[in-house]
Structure formats: C-alpha cells, structure tokens
C-alpha cells in the first residue's frame, strides 16, 4: 500500500482481541443460535445435503495474530459448496497478473438468483460477477486452462492454507450432485454458445461440482480464508497483492450472499461468502477470518442460523467495515 | 455499539491525519485529474447540467477531528442530484424507529439501470433499494407524510450540517428538470399502481426533483455527510444511531453508484454516492467524509474524473473498508 | 384485390347463412353458456364493472348480407373497453395512407401481459402492437393530432357504423376509471420519455379512458364491426382498403386476446378482440361479425362465458379462418 | 365438423385454380424475386448452410385437387430445419388423443427470439409454443418416448406424404450442426432442470438436429404439408382430425415465423412455418400448400426473398385467411 494514512492499527486491535473474552462469546453464540427445531430448507437438487442433522452448528475464528477460537461443531466437516468460489477466484487472480479474467466476467451485483440465465442472455454471455454460478464456471474454465484438474489444485491450496490434511473431495457426493446439475449444464452450454468457455461444458461443470464437494470444518475454512484478512499474506507467503485481497473482499461484500448481499451488508456489515452446504466465511479485514456453519437455509439460500449468528456477533464485537 | 472489541481507533487515526500532508495530496489530485478536454457525457434530460464547463474539478475532505481540506473548485456550487438520496434516507430513518420504510423498499443491489421499470414490475412495486429512482421516490413519499415540503426540510438539514448558509434550491433548474422527468413520472405512477405511494405521483416527483436541484459546494457536502463517518453524530447532536449510520454506509457501498457499485467497491473500496451533477460523496468510517466534483460522466452516469480521482486517493492513502 | 384466385365465395356463403337456423343456434348458445353462478373475476381497478350482474350474457351476429341475429342480453349496453382499440386503429389507418403510425408501433404479439412495461423498456418505447395498452395510447396520441377529442370522434364513428344512436360515453364511469389509471399513466409517461407521445401523458390517458368507457350493445358492436368482414366497406361507404381491413384481422388474430391470443386462435380460429368489460368482437371474413358479452373474466382478462360460447359456436358452424 | 354453415367451397375454388394461370404466375414470381446479389445473412452456427449459393430460389404449389405447380429451383433439396417442427407436432398430436403434450408446452406467441432462455425461466420450464426451439425439444422428447429414433420416424412420415423417396437425413450436416448446438443444449438442460424432459438433454438435441437436417425439395415439402390444407387428410388416409389440422394452422399463423409472426400474418395473411435453411411452408386452407425456398435470411431468421415472394403471391391471388 504505502498509503500516507492508515485506517487501522492491527497491533492495537489484535491486542484487544487477545485480551478479549472471545472464547466465551463464541460459546454464547452457539447456545443462542443452534437450531432447536427443523426450520429453513435444504437444496432440492443435492440429496446428500438433506441428510445432515438440522441441529448442527459450529463457529470458528482465526485471528491475524495466529489465535484460533472455536465452539460447537467447529470440527465437523461439511460441504463447502459455493464458498469454494472465493478460493478459485483467488487462485485465478494469482496466476493472472494481466487481469485477463476480467474481460470474461464482471464485478457487479446481479440482482437476480444465483443460477439465473436471464441476465446472462441480456448481457451476452458475460456473467455479472465471479460468485454467481455462471461466473464461477468461467473462473473454473480459466483455471482449467493451466491445470485440467482444477478441483485437485483447489484442494491442495485449501489443505496448505488450512494447515490441515483434513480437507477432501467427497467424490461420491460430487457424482450424485452432478446428476442434479442440469441448471449448471444449461449455464455452461449457454456460456459456450457465447464463446465464453474454452473447455467443454460437461468437463467444466464436472470440475466445478467437485470443487463444491470439498469437505472442510469451520476451523479449517477460517484458517484457509485468513489471507484475505491479512492483505493477501497466506500461511506460507504472499498469495495475492494487498489490492487484489481487498478487491476480493469488495466482491464478497457486494456479491457474496446470492441475492441477499445487500441485506447481509446491512445486518452484518462484513464481506462474506455463503454456500448451500450451510457454511459462511466472513472476513474482518486486519483482524480475523470467521467461519460459521449450520445446514438449514433461508429463502435466499444462506444459512439461517449462521446469518443470525453473524449479525449477533457483529453487534456484540463491533466488527463491521462501516 | 458496546462492542467488546473495537475495529478502529479514531484517536490514533485522526492523529495520523492531522500530521499528514493531506493538503498537498489534494492539490496533487486536482492537478492529475482535472479534465483537459471534453470527454464523457452529460445527462440528456437535464439541459442546464450541459452548460457547466467540462474542466471543473473540486475536492474536499472533512475529517472527524474537525479539519477541512480543499482543493480546486471546492467552493463552487453544483447540483447535488442523487447525492440527495443519502440525506433523505437518513432523514427518513431518523423519524422511523419502527422501520416502516423497510416494508416499502428493499436493500439489495439492483443489477439494472437506476431508472429501470423492469425490476419494479417483476418485484411488484417494491423498489430494490432507496438509491435507485423508484426507491428514492418512495423515501420522498415517506418524508412528505410528515412534511409536505420535504425538499425544504432537506435543505434545512443540509444547511445545518454543512454549517453554511450556502445551500439553496435552484427552483428554476428544478422547473426545467421537471419537464424532462417523464421517466420518473412513469416510475411514480407505477409505484402508485402497486399501492406503494401515498401522495400523488405528480407531487412526489416534483418534490424529488427539487431535492435533486439543491446546489452545494464540495466543502459543504463533505461537511454535511460527516455524520456518516462519525457513527451518526452530526454537528449539533446525534442524527442516527450508530447502527443506522453504518447501514446507510452499507447501502452506499452496495447500491450507491448506479449499476457500477461493484466496480466502485472494487476500485475505491469505500461507501459512495454519486449524482449526475458530477458529484460523489464518499465516507471513510471513523476518519473523514470526502466530496469530489467534476461534471462529465461515464457510461454508468458517474463522474468520470471524480471516480478516477477517488481511486487514486484511495490507493495513495490506504483508505478502504476492506 | 384483383387476385386471380378467390378463397371465398361470399354469395354462396351468405346464401347458406340465410337458410341456416342461426337464430335457434344463438338461443341454444345462450342457454348453454349463460353463467349460473359467480365464477371468474372483474377488473380490480375499474370499480363500476364489478357492479354488473354476473349472469348477463348476450350475443349478436351481423351478416355481410345485412341480417342481424341476436339472443340473450344482446340489447343491454356494456362498457366496450379495449374493443375500442380495433376501431381507433381503423380510424388511424384511415387517415394515414403513408403508414406513419407503423413507425411508432409494431405488429407483433407481445408474449407478456397487456399492461406490462417490461417489453416497452427492452424495445425502447416502441410498443409491440396496437392492442396492448401502450400501443393503444400511441394510436390515441396519433388520432389526437388531428382531432383533440378523439373519443368523441370514435363515438361518432361507432354511432354511424352501428346505425344506432345508442352508443354513448359514460363520462362518470370514465372519471372513476381514470382514478385507477396509474398503470396507464406510467405507460404514457414512459412513452413520452422515449419521445413516442406528442400530446401530454395526462391528456392521452384521459382520452383513452373515455374511449374505453363507451357503452354499446352486442347488436351495435356487431354492426359497427361489420366493415372488417366486408373487406373494409362500411355502412356508408369504404372505410379501409381491403388490404388494411385484412391486416386489422391479422392483428386481431395474433394480438387481440391479451396474452391468450394463441389459445383463442387455437380454440376459436377467428380474429377477435376482447375488452375487460366482458365483450368480445369476432370477425368471420366475408361472412359476419359477432359480438358476445358476459361480464366475468378468466385469468387472462377475457370473458369466461364469452370465450367458451365462441369456441362452441365455431365448432358448430365450422366458422374458422383455418 | 358437421358445421351448419361452411366458410369455403373447395369445389368452387379448386375449379378456379385449375383454370388459373398459376404456372405462369409462379414463373413470374421466380423472375421477380430470385436474388440478384448477396443480401441477408446465413446462420452463424450452421456452417454448411453458408455454402448454398445465394441466388437459389424455388417455389412449388400442391393443390387440394391434386395438381402440383413448380418453378425455379423447386426440385433442389435443401435443409428443412425448423419446418420439421410442423411435422413433428402433427406426429405428436397423432399419437396423443388425450392431449398430454399440451401440459408440457403452451400455444402462445413468444414475443422473444426463437432461442431465448428468458421466457423459459420466467415461465418455469414450460415453453410458450411448439415452434420455438424449447418447445420443439419437448415435442421431440415426447416422440422419443414412443420411438427413440424420432428423426427416422419423421423421415418415414415425410417420405410417405411427399410421395417421393427423395427426402434423406444429411447425417454429416447433422454432426456438424451438433457442434454448434450449445444454445439448444442449454435449453435442453434447462428443460431437464425443470423436469420437462424425459430423455437425456444430449439425446434429445441430437435427435432434434437430425430432424432439422432432413433434405427436401420445394415440391416434396409442398406435397408433404398438403394434409394441413385438407383438414387433416393425407395421401394415404387421415393423419389428424379436422380440428387438430386447423389448430396446427392457428399455431403456424401465431408462432410460425419466429419473432416476425405478426408481420408475416400482416403481409401474407396465411399460416406459415420457416426454417433457417431458407424454406417457408405456407398453407391456404382448403386450397393448397405452398413451399418457397431461397437461402438468405432477414434479421428475424426468415428467408428474405421467400417472404417477399409470398407477400407478392398473396396479393396477386387474393389468398389470405382474413
């Protein structure tokens, strides 16, 4: 950066954090938000997600100073689904200093459902952002140019950054999910028709579904995402430039929660990315990375208990970018 | 707030600010970004905006510690246009502790042009957010319930917060702009048809246009917007609760730049609101409020030189919420 | 035409008609289709239409050879509503040999609701056809250029062609309907914004609503529409060229029944135009003009009993253009 | 039908036809409309169509009394493309007395391009009519339930009705066209996602493309379509009930010319179906079936010279359903 004025003093904040009763607070959050009865929904087209017990609830916080706080089912692996999009975007930007990706996908909120084909038709095959499905398919296609098995590459990235050998691709779940992927296949063929896909539609969707089927715990995801709170510096060295790290934060804030990005920014005030597996990854720039998980979803496809828990946590810690 | 952990230490930051060479930096920004030739466009339906010289460029920064920095045409009044929407929203929330307004307008990015009727039809008359025209008309209607001359009320608010008797309604410009307001009249009648307008369509549009026709300088606007950087505390006392102030910031970030909100968040990383008069108001939470002005617009309706200047300023100061 | 081959021998057909038991058939149609209980709906935004007894049912057939057959409430005046669009289009074409109107309105089915603004935005202010509301407003605007009181002009036309002094503008109903015309005002202002309206939006909508509020009986409407079955020849002389008369028929067939034009063409197979007052005017080219009326509407806004009666009549007479 | 009144006297008309100078008229049409220079376009995604010489022009008329008139390149085989949709619909209705197909596809004009996904999303996977691509894929899927090789079945049907062994599937062209079928694959996967496709998306598109790749001459197509002018009676016996035959006519008139159905009804006034191979099949109920072919297309995808020739022919013969 080299900015002449700093907005945040990490040292000051992480000191506050260490002294803070964050452990007890997370326990309290778990007690308040763990679902007591079946509410919300599970995605109709991914059968195995329906089998996860409705009362699972976990939360983990990884701080920029190296602490990890956890509570509830923070060590139970779940399907990361669309949270993978944050990491594939980071990987794509890593290998793309010239920004070629940005000629194939925009950075604007979509105002429509994550799997809508309407906007794609109106905008002639250029997806609105990398976090709607059409955009993520383009990112996957971009990655596959360099590494055909982009899902395996993502797994290596996540394993390294999580500092854990826990993450794995649930290949059986992926095969099952692929059977319900007609909407994604429609999007992929549509992109192909517009000339915005280089691999075959089938192979891109298959790879994308395998990325979504990676299983991780809250603790692992919070740690893997920490580089976004650390201006791009990962566990083993720089992953992204500070400006690219910030920019992923901005895309998370404006586009990360499907068609509820505005509502989430309003209630939580932090960059976040959710998945239909019930996980949400949230970044507090300069402070920490948070992962919350509870499987039941609201009408927009975001974790019901997870969103409520993050709003509560934001209120009680003052964490907000605004 | 009462948060157990703080994200920002204002004292620390404003100290940095006072010591900073902000004045010279602004001068440098003006030198770099003042347009040398006619580029960009002016709004076709507001004739008097076309008459403003293309090479006008001003910038002002009002800090939370009370300093004001200015450079270029920072004391030349211009038409605030849609920047008014930030202030009418604040006024509406001020008088609406029960949040009735939020049943009439959403808080999501729109993904379409600011004056589109399409989404309004699809969403049955509930505008996507208060910063697209349809949403601002609902906010105006809400204000007019309490005070029929909401534009005059807005002027009083702006005068008080700017600490200046300078702001005025350019009634002649408003009358002229009203003649080109068929799109807004269409939106208003459409809202009325959906039962989401209490006053007549005609009176709401008329009042809205008068709000847009308020003339202010960069310095005045920066000062008037400072309460958003001060957790809701205005010149004369609290205007909004800290959480409402933050929430306006979140709506600015996700919806403040027409259909370029994502791009602006990506390049500048700060909550902003632009107007087709060429002004942009930007908030650095806890630090300062910035107003930049240059009349020529890009394809999305945002000041061409203003946006570039803010991206530059953000890079050089490190100011970003991400 | 001067065509070398004729598709229909009127003499032969009208002979058949005169010998036919058409009177008893119409009586039978009335017995079979007069509603026995309240089913269907009435338009929410036009209160006075809700007061018409649900069990009204009338039918009239005016033949090209001069006979008139009637049954049921064929002499009860009702609000012609959108059936007026057929006649205003004819009047507009009458005074427009150069076809200037067709640069302002298309002739394609719309595929959306009759009062949708979506397609108008996508197609930049050029309505899809003269029978959706936006298109009818353009036709009205076109007529008002020559005769400011186009509604009165329409009344004169209808009175002359109906051969009856019965038709009148229900001015009280028009005033009441105008209060619920926000959607039409939205459309008109939208058209104005696109430069496709010359008069004020207010005056065009007012005139349009008065056209819709004309009261006529089935017998009067069947007679007034007869020129369309007679290649453009009206009671007092030629109204339209044969080709313009045919072309109105083609627009009726493809666009005359709101978003159920295809279904009506499929079931009835004749050019028709319905109104939310419950009337439907149908043309059997070379043979006769039919008007049926029953006030309750189906989900698409067409008379429930009227549509069923016409399908029955078409089956039993073999009348169909296909 | 058993109608008490007849709209057309075939005997009278076909007599007129036999006496008519139809042969010379067709020669004249060919002289007037055969393209003298390259104008119009060829479909970008079907390379082999681009190779057809631009100046090809043929026309054939098969009358209900058994005559066949031809002129120009009326015996040159061309790719029937979407004209196949008329025949697959007839075959589907033939085997579907209960009308199950109509729960899967509507009969309304679409108001959007033939390959648009937008309306399909808005209407939840039920295509607007059988002649847009999405609808034709549903019809193909319906046929494949009974006969997996529906394209071969169609070929048999066409061969029998054309009374010629000429028609053949251009399998090489089909394979090539399949490579450019991403839009159709997107539609098929989208339909599958909505549960409106029983076979695999891949197999339905493959079969559909083979149907489109059938090669026939104008004479063969005119003869094959004659049953639609003969109330459903084909060469070897009844194919459809009179009402189903009429109904296909109504769908052709309202939906047969892509997004120019209204314009074609207006100019030509006859039920027609075009294909991007440059052919147009037109029905004059009770009189004849017409096929015209010229390879270059207008902006809506209909044969440029073919449409003009049919408008001319309609004017000069008086053939029109209106």
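Going by the order they are written in, the chains are A, B, C and D; count residues from 1 in each one.
Definition applied: contacts are C-beta pairs under 8 Å (C-beta built on N, C-alpha and C of every residue); 3 or more make two chains touch, one makes a residue touch a chain.
Please read these numbers as outputs of a predicted model, since none were measured by experiment.
Where chain A touches chain B, over half of the residue numbers in use are shared by the two copies, so each contributes mostly the same positions. Taking each chain's centre as the mean of its C-alpha atoms, the one that lies farthest from the centre of chain D is B. Centroids built from CA atoms put chain D at 49 Å from chain A. Distance between chain centres (mean CA atoms), chain A to chain B: 31 Å. With centres set at the average Cα position, the gap from chain A to chain C is 56 Å.
Those residues of chain D in touch with two or more other chains do not exist in this structure.
Pairs of chains in mutual contact: A-B, A-D, B-C, C-D.
Residue ranges of chain B in contact with chain C, taken from their complex: 45, 116-118, 121-122, 182-183, 185-190, 192-193, 201.
For chain A in complex with chain B, the residues that touch the partner chain are 1-9, 12-13, 16-17, 20-22, 25, 106-112, 119, 128-129, 243, 245-247, 249-251, 253-255, 259-263, 265-266, 269, 271, 284-287, 315-322.
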